[in-house]
Every structure is written in structure tokens, then in C-alpha cells.
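Think of it as A, B, C and D in the order they're written, each chain with its own count starting at 1.
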Amino acid sequence: MKIKITTKELKSDFAKEVKDRSGIDVKKCYQCGKCTAGCPVAYEMDYMPNQIIRFVQLGLKREALTSRTIWLCASCITCTTRCPKEVKIAELMDVLREMSLEEGLANPLEKNITTFHQAFLNSVKKHGRISELWMLNEYKMKRPKTALQDLIIGPQMLSKGKLSFLPHDIKGKDAVKRIFEKCK
Amino acid sequence: MQIKEKTRIGYYPGCAITMGSSSEEYGTSVLRVAEAIGPELEEIHDWNCCGASSAHATNHKLSTALSIRNISLAEQSGFKEILAPCPMCSQRLIISQKDVADDEELKKDVEDAIEMPCNGDVKILNYLELIKNYCMDEIAEKRKKTPKDLKIASYYGCLLLRPPKVLQFDDPENPTSMEEIVEATGAISVDWELKTNCCGGGFTLSRTDIVLKLTNDILECAVDAGADAIAVACPMCHANLDMRQKKIEKEYNRKFNIPIVYISELIGLALDLGPISLGLNKHFIDTESVVNAFA
Amino acid sequence: MGKKIGVFVCHCGTNISATVDVEKVAEETKKNNPGVSYTTTYKYMCSDPGQKLLRDKIKEEGLTGVVIAACSPKMHEHTFRNAAIKSGLNPYHVEISNIREQCSWVHPDKPVGTEKSTDLVRMMTEKVRKDKSLKPIKVHVTKRALIIGGGIAGIQAALDIADGGHEVIMVEREASIGGHMAQLSETFPTLDCSQCIMTPKMVEAAQHDNITMHTWSEIESITGYLGNFDVKIRKKARSVDLDLCTGCSSCWQVCPCKKIKSEFDMGLANRTAIYIPFPQAIPSKPVIDRENCILFKDARKKNIKPNDSKVCRKCIDACPIAPVKAIDYNQEDEIIDVKVGAIIVATGFRELEDGLYGEYGGGKYEDVITGMQFERLASASGPTDGKIKRPSDGKEPEIVVFIQCVGSRDPSKGCSYCSKTCCMYTAKHTMLYKHKVHHGHAFVFYIDIRCAGKGYEEFSQRAIEEEGATYLRGRVSRVYKKGDKLIVLGADTLTGSVVEIEADMVVLASAMKAQDDAEQFAQKLSIQYDKDKFFSEMHPKLKPVESSSAGIFLAGTCQGPKDIPETVAQAGAAASKVLALLSSDELEREPVVARVDRQLPPVFSTCIGCFYCQKVCPYSAIESEDIKARDGSVIKTVARVNEGLCQGCGLCAATCRSKSIELDGFNDEQIYAEINAVEFN
Amino acid sequence: MAEETKFEPKIVAFLCNWCTYAGADLAGTGRNQYQANVRVIKLPCTGGIDPLFLIKAFERGADGILVSGCHPGDCHYNSGNYHARRRWNVFRPLLEFCGINPERIQFSWISAAEGGKWVETINGVVDTVRALGPFEGYQKINTIGPDASSESSQT
């Protein structure tokens, strides 16, 4: 990787953009690595959580927003809890995911995760609540490779009455839809 | 000691634990226990999904608005407190409430989106908090059964405790609330190390491999600590530890067969509310050993 | 009459006992050494109960000799000898067997360590058997102190001693006191201006009744010893009479040589040939730079007396002092003699030389400057009045790259140590820069950020968090010029990436090095110095301000890199040591001195009067003594040691052809006893 | 020959108090391990070492000797180490004359800051002397008499 810094390239300030959106000040981070040390998913990530912060510190927007790491963050908030400098790392991941989607930079290798979020929110948008069966259905349709997963669990859930065929629409589902519209 | 009036509390079940959902036994047992000893739970009218991880991971404003709508509905019904047994829900509600309180602009946007005002003076309780605040004496008074030699590992997961500065519930690294409740049911608490670890939560469908690894670590630790069952207060934790347990066993080649019970079910068993009515038959891993311990 | 020897083996916690079977050492010593009447082991011999044990046993067992098998004698020989005194035993019957530094810590194998320890203890036991009672030597103390160096360390020490009521002679080789601190802009971590806190101290020192100041002067030689040093000071020819000169500035205003790089401004500004180094200089009186003055150049060329040159006499003509002008071209170096009782060395440091880092331009690029140069740029009284401008074109730099550890932590450039102050001053530099150039960007390349000190960590974090300096973890490999920019090739190991910065200016956090002449100077003073030529303290923990020579103390950066607070603290500590020393009229000195055989009657002395001893003695401590008959005629002349002058090196004893000189504490009998006691198999 | 491989030489080291003794202490402080064959005798200055001390050590059975002091110019007593060096220059041919291999005596400068050099030096001396084998010159004088071949000619 190469970082090039010239007077011209200093005009856009990624760290400031992140701070303006979320109030998270990555400058506070002194790169001790405690977030990475405690991250349960770090072993799967392409960049360690502290490196993601580093990207933001150094204005490496593309590197941060195209990383798999931001999608692999499980939002367990262990990092934020233990951060000595009180940097909200888990919350930073939220902002980065949001920006990544906005700029169309979401890493295709973690498409399963982004599709799941989409399917989930579509269900909420449609019914006001989650219809687990239909959400699952949408997810599996869009990610056919996952279709064969959980072939045993599904029927078992059905037999135990844990999956309902009928989506439960709330009365205010139109109000919820409007929330989605207004929060685009 | 004062005799408490039955307090009216707004009940926000959330999608996962309502009837016909993946974790309906949690909802069922919470309601059954409340009927027996708890404050009066009144479902918030026309509540909607809090948006869970999928919303906060992709759209902060949406996530906040979805959560705040429920709080505003509760406010309108005059509730001072809301119980959200699902920690994903309680965490989202509390964080959203704090975010709008801290950010005037966000508050305006959210109120505009949900077409309702939001005062922000409702207190959101997780299930452990509710029991600790309202039910400890009652459990002691009304306990009918004492389990015989039942060792329970209390598993908190992430969402009940983190972020601690916002949730302000228990010690984030060494919580003890659940253990206190477990011991109130007469069971024995085992000390173990991974009680606040993450189970992989929302990755259960999209990155099952991650969930399997994390849950395997958790199950191993609990079993090695001598636990007969793991108590949980989170539908995601439950789903990953219970429904996925057979798959974990296969993947990591170790037999656990350890029942995963909701803390509400344990309380119910101690109050002798009947295993079926508590939904103990809905688990994937057989709960008979736990039920029998209360015989 | 045999001695009753007691042997005390120390565990030193587990420092010794982990690799030496102390019980076995005690047991074997008792078993195999007749005359050892008592042995024991103890957890910490140096502790209060340990010393009490020693005192009690000397009395109870009637011991007449003691061996303590413990740490190096450099640590606690004094402690145990003092304890012996309290029990009425002459302290020179106590010897230390060094079984920690030279055994347990270096030999991990327990049987091996135990065997060696037993051997070492036996050697000392045999030496003790031959130990004689010695009486400490009393020496007179001259109640005056010499301070070498007029930087903040020297000034602080001088003021402390002068305030304590003693005379201080201060010698500074530059034309003004003030040292490096006078050059600094603002100081960390409070950012108060250096001039504002330094100049009042300089004035105070100059005006103090007890302080005599010699600027533009150097130490010619130092002889003598603790309490009685003879110092020769060379007052270099200043060409200006300090008594007559009023510092009116007339002379340097007319000086035609105006293009001489100012040392004080680190070459960023020019000065004249007759000059004062900086406006607040003390004394505020000029000196003529004879190298660069055209009059002196002319005189050298023509080989005439300077005053006879007629090339330029502008300064002397401008001097308003009459009838005798304050400028004296023919002035010569003057040597003055002073006697002092104690010396504080506060000779400071120098900044790493330009040119060592070819990869950073090696002093070639004007806009690659050193930390000290940046100090001058940022100083309100500096060449740019405190405005940050690049030296090449005076433009305000928009991107400044700071490179840390230039010359520090770089064994390949012969400097393995950390200069300790650069992390903090670089953080300070980024702040000063951002305060003055609001839209500027500061980048810092670092290996580690080492800011250990009160308020230091917070200070460096402030540079990052609040002032927005971007810290990049890595060294810079290359700086080169491209157009009017400097391309800096560095790395950020935290992201694992190459970093290329198009900078306007580069500031090198140059290492603090020992003074160029530190080695020769140390030899002049007979004090030790370390591998980096910083002067060595007597003990890294317990005697941090004492040099290896009694009566000579260290203050400030001549002992190693340190910042201002630490320097001031060390100067104060050195001053307090000097004050303690000067508080008594007489001092006791170790009686390790040579002695010429003088058994009675004197004529029986074995000394043959060859006086080879006199030739080798470094202290001129050997005198001659006539042994006379009753009628006053000289029978023979023998050598005699002046024990006030003798330092106890033993050279004379080893040189003596008739074996007539013995060194007390290390006499032949004692050494042979040690050799004989080695277990050879 | 088997006995020879087991041979552990005994080295007597005469060290000055100010430099090498302190350097040896520093090696200890730094926990730098070295071979345990050395027995140290401390003197104020190498200049105060009588050559007879060394002869005495050999006579008693030492296999090797190290004399170590301050670097040239660094002597605590200004010039003591120079005298020691000069004395050694005179003493050396005398040793050879006596049939003692001069390799058995080493002379070095080790400052108080050179713990590492102390370790290297002492290990070097021990290894050298171990290779030379035990010093039996004196015993041979006593037992075999004038027939004993001188050691220096062997090597």
C-alpha cells in the first residue's frame, strides 16, 4: 500500500467527515491494539480493527470503506468497552458501513452480510416487524449458495411452532414505511 | 418491608420472542412469570421492530427512528418504564434514547420521521433488571421447587452489558445479576470465564462459520466449568447455543448436549409453573435434565 | 595471634541464593578454614536487621575480622565497614567477597556457582587474616567550588552553592553564559518561553556576590584531590576589556564583517566579527572572533602584531571609552590559578552534526533543518521574529515533516541510546508550528513515542488530538528535493504502507551527543565516561551525581541526555553534595595510601633512595627525607609518601626495587594471601 | 586424552578497581553469563601489580592469568595503566625465557561500561588456556628436573 500526501490531497479530511457524522474522534486513538486483541472476529478480518481506525486517521477512505472488516464486526462492542482512550470503535464501524453503502463501496466478498441486512430491513419496512420466514426466504433467494444451509433447522423450527407462515403486519405499518422513506 | 403495588410496565417483546417466532418460549415464560409474581406487563400498542443490527449497521437515523417510535408509543400510553426482554431491543432502545437526547438535530429528524414527539423520560429495563428491581423478594417468597444439584453457567453475551457507559447495567467485565437470580431459584452458579463473550449474534445466517467457532468456545468453557445448563436472557444467544448446538458438535467433534435455558424459564420452574407452559418443550436441546432437577 | 574471623553469607533475597547454595558456602568455609570461628547466612545482610546481626556477632563472638559474601563492594563495602565501627572493630578488617555481580548473576549452574563462591570467600578470608587496622586520613577542605559550564545546569548549581554561602568560580567557554537553554523558544510541557525563565537566572548568577564568572575561558588543568583541587583557568583573549567595556554596541554596529553565521542562531542568521552572541548575553560585552575579523586575518598574513595592522580599525575607533579604549587587539590569553574544594562538571551536550544522514540530504538542503534550528525559527527573538519561514525562500511551509530519532537509537550511526527529549520537543514543535501556521499540516515520523514525565504523555497526546499533528509510525528512509518541495519517503507500519509526503520543510529531531572534546576533558579531570563519551556517574542508581573521582560531581547533559527539569534537579543535587562537602573544615579520606618502610631506627629503612617511585607517582606524592646522624650529617636519603597527596594507586609499591613500599589495604602480604587461597587442582 | 577434554583451567584475574572490576560488575548487572573459571583479585590500579604476583599465581597452579585495567588515557590515576603496559612489555620476554607460554597471560583494557567486553575477554582467555592444556611448568621443575622441555617450544 502507498499513501501519498501532497498539499492538494490534504483538502479532504476523512477523519473530520467521520467526526462530523458520528462525533467519533479517531485522533484520540494511539494505536495500542487493545480493540484488536479483544475482538472475537478479528481472526476473520482482512484488516485489524485498529488498522481500520488508522485508515481513518490517515484519510485512507477507500481502504476503510472497501474492507471486509467493517462488515465482519459483530457489534459486540467489546472494543468500545475496553478502549483506554474511549474511542467508540464499534460505533465507528456502523458509520463506516453506512458510508460504504452510500458510496457503493461495500466489499463484495461479504455480500452475504449486506444482503442479510437488506432482507431484514425489507421485512421491517413491509410489515413493521420481522417475519422471520419471509425474511429468510428473501435472503436465500438472493444468496442461493446459502440455500442449502440450515436445511435441518428450518423444518425443526416449523414443527416447534417457531416459524410463522403468516407475516404479522402492524397497524402502523404505513407509518413505519414512511420512517424508511424519511430516513433514506 | 413495604408491600408493593402492582406496577404497570410497558411490555416491548420485539420480533424474536413474540408468538410464532424463533424464540417465542422466552416471551411466553416472561409473561407467565410476570403473571405469577411480577409487575403488570402491558404490551405497547402496535409496536414495531427496533431495526436490530441490520438497521444500526447500515443507517443510523433509521435505526434511531425505528426504536424511538416504540418509546414514543409507550410514552403516549403513560408508561414510566418499558420492559424489553430481548437485549438487542433494550440495547437499541436505550442507545437511541441517548442519541436523541444528546443530539438536538437528530431528535428533530426522528420526531419528524415518526410523526410523534419523544420526551425521553421512559426508563427501559432489560429482563434481569426487571427481576432484580421487582421480583427478588417474590421469588424467595413464592418459590415452590428447589432444584437438586443443578449447576448453571450464567451467560450474558454482549448486548446486556455493552456499551456500559450507555446501558449502565452491572459490571461489564464481571457481571453478577444473573447469578443472583439463578441462585434465587435454588440452582448453583458456576464460575466461568466466557460469560460476557460474543456468540456471533446476527451472523447466524450470513456467516454461520463465525458463529460456530464463537459458540463452540462458549459451550466448551461452560461444560468444562462443570455446568449442567447455561442460562441466557437473549434470544440470539439462545438460538446460537441451542439451535446450532448439534451443528457445533459436528463441526468441532465434541458432544455437549447441554440445555440452554432462559432465565425466565428457570424462575418459572422454581415457581412450579409447569415446563410446557413455560415453553421448555420448544428447545432443540432436550431440557428434561433441567426440568427433572426441579422435580 | 590468629584472627577470629566471621563470615556472613547473604542470600540477597534470591539474587544470590537462587544460583549459589549459601548454606553450603557457609558450611564449607567453616569446615575448611581454620580461624573462621563463625559463619552464618542471612536473607538481606544490608538491611537493618542484617547489619544488627553483624554488629551483634562481632561483639558476641569477639570477631577480629569479617568477610561479607554479598554484592559488589562498590555497593555496600561502606555500609558494612560502618557497621563494624559501631561494634568497635576497625573497619579495615572487613572485606567483601563479591558473590553476586561476579558469581550468582553470571553463573546459572548452582554447583558451579557454589564452588566459585566458596573459593571467593576463602580468598577474602585469607586477605582478612592479613588486614591491618588503618586510620582514616584527614584532609583540609578549601571552601570554594568550581563549576565548569554556564548552561542551566551550571547556573542552577552555582546559585544553589552561592546561596549556601560559599564562593563559586564559574567557567564558561562561550562568550556568554546561558548554554542551549537560552537558544530555546518555548519549553515543554508548559510552553513557557525559555528566555523568560532563563534570563532572570543568568542575571541572578552574574550579580551574585559569591559567584565569580569567567566566560570565554576554559579549564587548562586540574590537579589535586577532594577538598584541595588546583585549577588553572585559561581566560582566552577576548580582545575586549570587560572592566572598561560598557556594552554600548557602538563597535559591533560599525563592524564591516557582517556575513558570519551566528552560532547562537544555528546559522540561520549572521553576526559581525566583534559581537555579542545574543542580545540578552551575560556579560553583555562583545568578543572579537579572531578567525573571521579582517584585522586579525591581515595580522596573521603579515605576521605582525594585530594592533599594528591598519586594515580595519572601525571598532576601536567607534569605542567611546577614553582615554584607554575598551578594545585591545593585542590582548593575550591569561592563565589564572584557583584553589577549590569541589568541582561540578556541567559541560552540556552538542547537537548531532549535520551531514551524518546522507539519506536526509546530509546538510545539503537548506529546508531540512535540525531541532535546534527550529527552536531559533520559533523563538520570538530569533532570526524570523518567531515566524515559521523556510530558510531557502522565506515562504511559510504548508506541510512540515518532523523526523524523530535522527541519530538516536541508530547503532549504525554509532548512537544506540535514546536522546530522551526529542519526542517531547517534536510534539512541542508541531504545536508551535500549528499555533503559528493555522492551515499547516504537521507530520511526525516516530518509532516509539517516549514521553515519560509529569504531564508529558498528556502533552504529546494533545499535539495529536487537539493540534492535529499526524503521527506516522516508521522511520524515514530518504528525503530528496523535487522542485521547491522535499519528497519524504517514509513508512507507516501500523497500516503497513509506504508514505510519500511532498513537504515544504523537514525538521530532524537530532540526537543529543556528548561534547566533541568530552573524552580529552574527562582525561583531564580523571573521571570516567561511557561508550558514548557521556561522563559516568559513580553508581547508576545510588550515586547519580557523583563522578568516579571524589569531589567531582556531574550535572546536566554532560552525563547523558536529559531535559530541563531533570537537569535542574541534578544540578541541585550536585550542589547539595558540594554544600555537604564544604560544610566541614576537614574531610576523612580512605586510608588506602602507600607507605615507605620506616621501621625504627630510621637508618634501618630498607629504602635505598633510588627514587624510581618518585618518577612513576602521578600525584607527586613522594618526597625525600634525609636521615641524619646525631651530628646533623646526612646518613642517607629515603623516600617518604605525603599521605595528603597520595591517592593509593600502588604504582610506587610495584615499582620499588627494594620492596620498601607497601600499599595499605592492598599490601603484598594481602595479595599473596589471596593468590595462595585460590583452590587449584 | 579423555582427561584433557575434561580439563577446566583456573584463571586468576588481576583487575583494577575503577574500570575492569566495575565492568565485571556490569556484566553481572546485565546477567551476561560467562565461564566460571576465573578468580578475581582486585587492586586499585593495574600499575600496582607486581610481576611477582603473576609468577606466584603460576607457581600455585594457575593455568592462565588476565590483567585488565582502564583504557589508555582513562586511568583513574592518570597514568597507572601505562606503567602496567610498559612493565608487561619487559615482563613478557622474561616469561618466555622462563618457559611460560606468554599466551597464558593476557592483558586487556576493559572500561566500567564494557560488561560485554569483559564476558568476551574472559571467555576468550578460558578457551585459549583450555586449548593450551594445564600449566605444569612448576610441577615439572619439581618432579622431572632440567629435562622438562619448555612449554613455549611446544606450541
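Basically, contacts are C-beta pairs under 8 Å (C-beta built on N, C-alpha and C of every residue); 3 or more make two chains touch, one makes a residue touch a chain.
All values derive from a computational prediction rather than experimental measurement.
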Both-way neighbours, i.e. chains that touch chain C and touch chain A: none
Euclidean distance of C-alpha centroids - chain C vs chain D, Å: 32
Chain centre separation (chain B, chain D; CA means) in Å: 79
Averaged-CA centre spacing for the pair chain B and chain A, given as whole angstrom: 23
Chain A-chain D separation of Cα centroids, rounded to whole Å: 73
Graph class of chain-chain contacts, one of line, ring, star, complete, other: line
Touching residues on chain A, where the partner in the complex is chain C: 1-7, 10, 25, 27-28, 30-31, 50-51, 54-55, 57-58, 60, 63
Residue ranges of chain C touching chain D (in the complex, touch as defined): 72-74, 98, 100-103, 105-109, 112-113, 115-116, 119-120, 123, 519, 522-523, 526, 528-531, 536, 548-549, 592, 616, 618-619, 647-651, 653-655, 663, 666, 668, 671-672, 674-676, 678, 680-681
Residues of chain A that touch chain B when the two form their complex: 22, 40-41, 44, 72, 74-78, 80-81, 88, 90, 93-95, 97-98, 101, 112-118, 120-121, 124, 128-130, 132, 136, 139, 146, 149-150, 152-153, 156-157, 160-164, 166, 168, 170-173, 175-176, 178-180, 182-183
Footprint of chain C on chain D - complex, ascending: 10, 12, 18-19, 21-22, 24-29, 31-34, 36, 39-45, 47-50, 53, 56-57, 60-62, 73-80, 83, 87, 111-114, 119
Contact set on chain C toward chain A in their complex: 398-399, 441, 443, 449, 461, 464-465, 468, 470, 472-473, 492, 494-502
